[in-house]
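All chains are identified by letter, namely A, B, C and D, in their written order; residue positions are counted from 1 within each chain.
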Amino acid sequence: MTARTPRYSGVIPPVVTPLTADGEIDRLSLERVVEHLLDGGASGLFALGSSGETAYLTPARQDEVIKVVTAASAGQVPVLVGAIETTTGRAIERARAAEALGADAVVVTAPFCTRTHDTEIDRHFRDIAAALDVPVLAYDVPVCVHSKLDPELLLPLAADGVLAGVKDSSGDDGSFRRLVVGARGLPDFSVLTGHELVVDAMMLGGADGSVPGLGNVDPHGYVRLHEAAIRGDWTTARAEQDRLVALLDIVRAARPGTASATAAGLGAFKTALMLRGVVATNVMSPPMRRLDEAETAAIAACLDRAGLSRS
Amino acid sequence: MTARTPRYSGVIPPVVTPLTADGEIDRLSLERVVEHLLDGGASGLFALGSSGETAYLTPARQDEVIKVVTAASAGQVPVLVGAIETTTGRAIERARAAEALGADAVVVTAPFCTRTHDTEIDRHFRDIAAALDVPVLAYDVPVCVHSKLDPELLLPLAADGVLAGVKDSSGDDGSFRRLVVGARGLPDFSVLTGHELVVDAMMLGGADGSVPGLGNVDPHGYVRLHEAAIRGDWTTARAEQDRLVALLDIVRAARPGTASATAAGLGAFKTALMLRGVVATNVMSPPMRRLDEAETAAIAACLDRAGLSRS
Amino acid sequence: MTARTPRYSGVIPPVVTPLTADGEIDRLSLERVVEHLLDGGASGLFALGSSGETAYLTPARQDEVIKVVTAASAGQVPVLVGAIETTTGRAIERARAAEALGADAVVVTAPFCTRTHDTEIDRHFRDIAAALDVPVLAYDVPVCVHSKLDPELLLPLAADGVLAGVKDSSGDDGSFRRLVVGARGLPDFSVLTGHELVVDAMMLGGADGSVPGLGNVDPHGYVRLHEAAIRGDWTTARAEQDRLVALLDIVRAARPGTASATAAGLGAFKTALMLRGVVATNVMSPPMRRLDEAETAAIAACLDRAGLSRS
Amino acid sequence: MTARTPRYSGVIPPVVTPLTADGEIDRLSLERVVEHLLDGGASGLFALGSSGETAYLTPARQDEVIKVVTAASAGQVPVLVGAIETTTGRAIERARAAEALGADAVVVTAPFCTRTHDTEIDRHFRDIAAALDVPVLAYDVPVCVHSKLDPELLLPLAADGVLAGVKDSSGDDGSFRRLVVGARGLPDFSVLTGHELVVDAMMLGGADGSVPGLGNVDPHGYVRLHEAAIRGDWTTARAEQDRLVALLDIVRAARPGTASATAAGLGAFKTALMLRGVVATNVMSPPMRRLDEAETAAIAACLDRAGLSRS
């Protein structure tokens, strides 16, 4: 096996986007999130992913997020920026904006809000990469875009230099393993898992790193996990992962039948960050509601059980 | 049963967006499409729906489409404009733009590119309507947005004056019938079907009108169908519908395995309009490919069988 | 258009299977159901469909149902019998049993509990038909078997004499319309809709008849609807359908979150038949629970509103 | 963490069912499969799972399979037998038959061919367990039955002694991890993965064993993997898994568009076993076709690359 030299590796959290009580970008809180993640050992930042409420932000607000994150991280680690748009032309427009504002790479999904086809997804990535100077990563997130990116689609794009990596949030770990095995001869191609419940397992299988939403709450934990995995200390990696599995119970705090899974998950991340003193509020973008006091108390209990400090 | 006085009724085609060979909005062709539809007897126009490639157009190009359509129709019929965006804030931004450019009403889907929930969809429509002066119609299009809008969600929004109507492209005619029956006491609420294969049947069930993609190709046929239905001449309505069912075989012209269903369908509409002399090219937005010569020949044969003139 | 001479037409209710308090086939109640349906004007009976709890009955109990229904109907109308089994060999085994017990025709789905493919579904129907003397109808019920039977699959099987008809419970009325139009040259092929909410609309489109689950509760209503449609009295057909749409609200009586859609639907049918004095209990097969008193009261109110007599 | 003492652990292959050229159970070949698996180190056998074509076998043929497998294994390892039927009563009937024929445990799915609900699935498992003397394992296989068994459903059933274990073929490894973590206090409960592409990863996460379809072809490989995992030699486990990932390319031998995924997969397993001299033919049950010469050659090449002997 060729030694791997992926451009992006380690823990690259998908940065949440804090909001003020009236729904504006909370710049100070966002700066503190960046500081919190870098302090935790993040080796990169992924702004404007699902965890960053990207689908809920107007282009102007997306630009604001990019500016704050690139400024706050100040070149310490690469900043990957989502250009999550329905189709090719719109994605290029957003990707160029990100590039102009200092993104080190852009992250792009398959087309959505339309029916698509593998031949069109292939052209989509090729057209986007051709229109940009920065590297492009594919974002495999069928729960949002309702297409799965198969290894048979991704590997030729990697081999042709169109894609610099993939963030796999598909939950399809068999497909991910086939991707990792298929990428053996592509040492620079970054294979990153977003499956935060099984990062240890995906690292064992050959992932280069992870993009865990829960890493917003406990970046230190995911970094310890990653480092243990890299040195082959699987007992430590597993124990850390098990602790994080329990921590992820925070996403079950929202009362059933009152919120989407997205609101329950993002709401838990934001509430935990609020409890940890990193962000000022747990406000979410409309039409999502913020979690209430009882739900917040349940999350506080999870943090305590996981041994995470609260402010 | 209360006499119905829906604000929008009749045939309201979802206007296709012609493109030039290099992918720009083809303004002259779009003007001719509008003229063709009005000549056919359209009682309204729906710009920037799925058939209008809305998911493929940047905001600037969307604005251009609105300008051309409102100018070309010159107030002869209401212009409904899609504000098809992922979530509330983004949809409001686009809806306000449409309003400012002269839209008579806006058409909005459930949130997409995220997991949502009925409580959030309800708030979504309420927030959007509150932010606008023009009426709002719901666009039920699960094939694009992966949520179904049930009568139990829509009827309270109609009763509260949030929604002025619905365009149902769900293909779920049982749900549509329940919606029609439920809207008996809401005489102003417009219940429009987008199910172009069964417009006669939906009219029998009580629809106020239709928004048929195929109506771009043959508006005269859908208007004849509508008028027959209104006067209770179901034999004529059915015969017209049967002819249109056969005509819709144009969407099977694309070679299997080489294009998405969207590209096959839109490509057929554009190719048919090209063959009929209404638009200059059958170019589609990336990453969709245009239909080729053999596929075009198959569509020409369908037009001939359906008795449609070609230029 | 060739005059149609379908072997099966009119209203062919999918007969429910009454159970005793201890879960055995309630033969007397089943006889009364048959009598009730024939009194209502049913032109055929479909035993062991979804409404007949076929998936919940052992082969021995299925045999018992066939015996009771064929004996009770005594040749007055054809008895179609479901042979709903996972794959070809198992379906043939059950179909032969039905044939031996007097079924006039058998009704068969696509393979299920496995991943299948159109080439295999095609062979499935051909092998089954070749193994039997009685006619075979296809049962298109994706909600149960998770495959859709497209016109492109069914029409060649009809043309080759493999299939004598189709019961369409797919809810995909566009596909159904294409099937009806495609079957114009196959005058003996029976195209039956199971979409009980829009029977008037499907009759307008060219259906030969219907197989409505709700027809168990109100066969007279569906027969009136059918007869109005046949004589072209669409106003009467629509009014009857609208009344039946309201009646179908009985399926919403089950408390949300406490039962499957199947249990809510079948439970409502059985409860309504109990209230109407046709069956002795509303017991359902495990693991479904029977509806309780409060749910029964809600159903009684629906019956009253629909003008249906109660015993 | 409590030391685990699961009743079933190690590699428990889902035994394929060899057929003769005319579609009967090939008893001699089935005996050789059992011998081959025991020689490979299997610690149990799972007869009549998906890989055993259970959905394709009549009850009589299923009985025959149980007899051959129990006789051939002669008590050396436990024999788990699938009772894969649509609903409770039917599953009990098949489970009792299996019990009577010597099954050590039965394996049962959620109800299928119907719409179900968690409350009903819960009752389903409880009723089945109450009707049997042997242990019951849950089979989580949404690709067949279209319901997912969540940890929130399974763990209470485990705690109540209803379920002795689970075979997870859901492909949802996050859910599986939550199940493993949740089962920490249930040392006897067997948590087995059917996700043959990531057995190393699932073992790292805490699985007690695996039920890999590909284990029919290479039981020795999966046993080496398991043993390496048990002793904490993750480098060896991973290397073995990677070899098996490559071997699983045999399922891509079937020409695209000519067979279901089930036929492609089972056909590859049977063809590989034929090439290895274990079974006499690669015949599959109707309506599946057997793989042809070209497809067989592709599979032979995969076996050679994986270092597996051929006869």
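Convention: a contact is a pair of C-beta atoms (placed from the backbone, for glycine too) under 8 Å apart; a residue touches a chain by one contact, two chains touch by 3 or more.
Remember, predicted model here, so these are calculated numbers, not experimental data.
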item	value
Angle of the C-alpha superposing rotation, chain A to chain B, to the nearest 5 degrees	180
Identified repeat of the C-D interface (over half of residue pairs identical), from B-C, A-D or A-B	A-B
Homomeric contact chain A-chain D: same or different residue positions, threshold half	same
Intercentroid distance (Cα basis), chain C paired with chain B, Å	34
Gap in Å, rounded to a whole number, between the CA centres of chain D and chain B	49
For chain A, residues contacting two or more additional chains	none
Pairs of chains in contact (touch as defined earlier), listed by label	A-B, A-D, B-C, C-D
Complex contacts: residues of chain C adjacent to chain D	23, 50, 55-59, 61, 84, 86-90, 93, 111-117, 119-124, 127, 143-146, 258-263, 285-289
Parts of chain C lying in touch with chain B, wherever the complex brings them together	171-174, 177-178, 181, 195, 197-198, 200-202, 204-206, 232, 234-235, 238, 241-242, 245-246
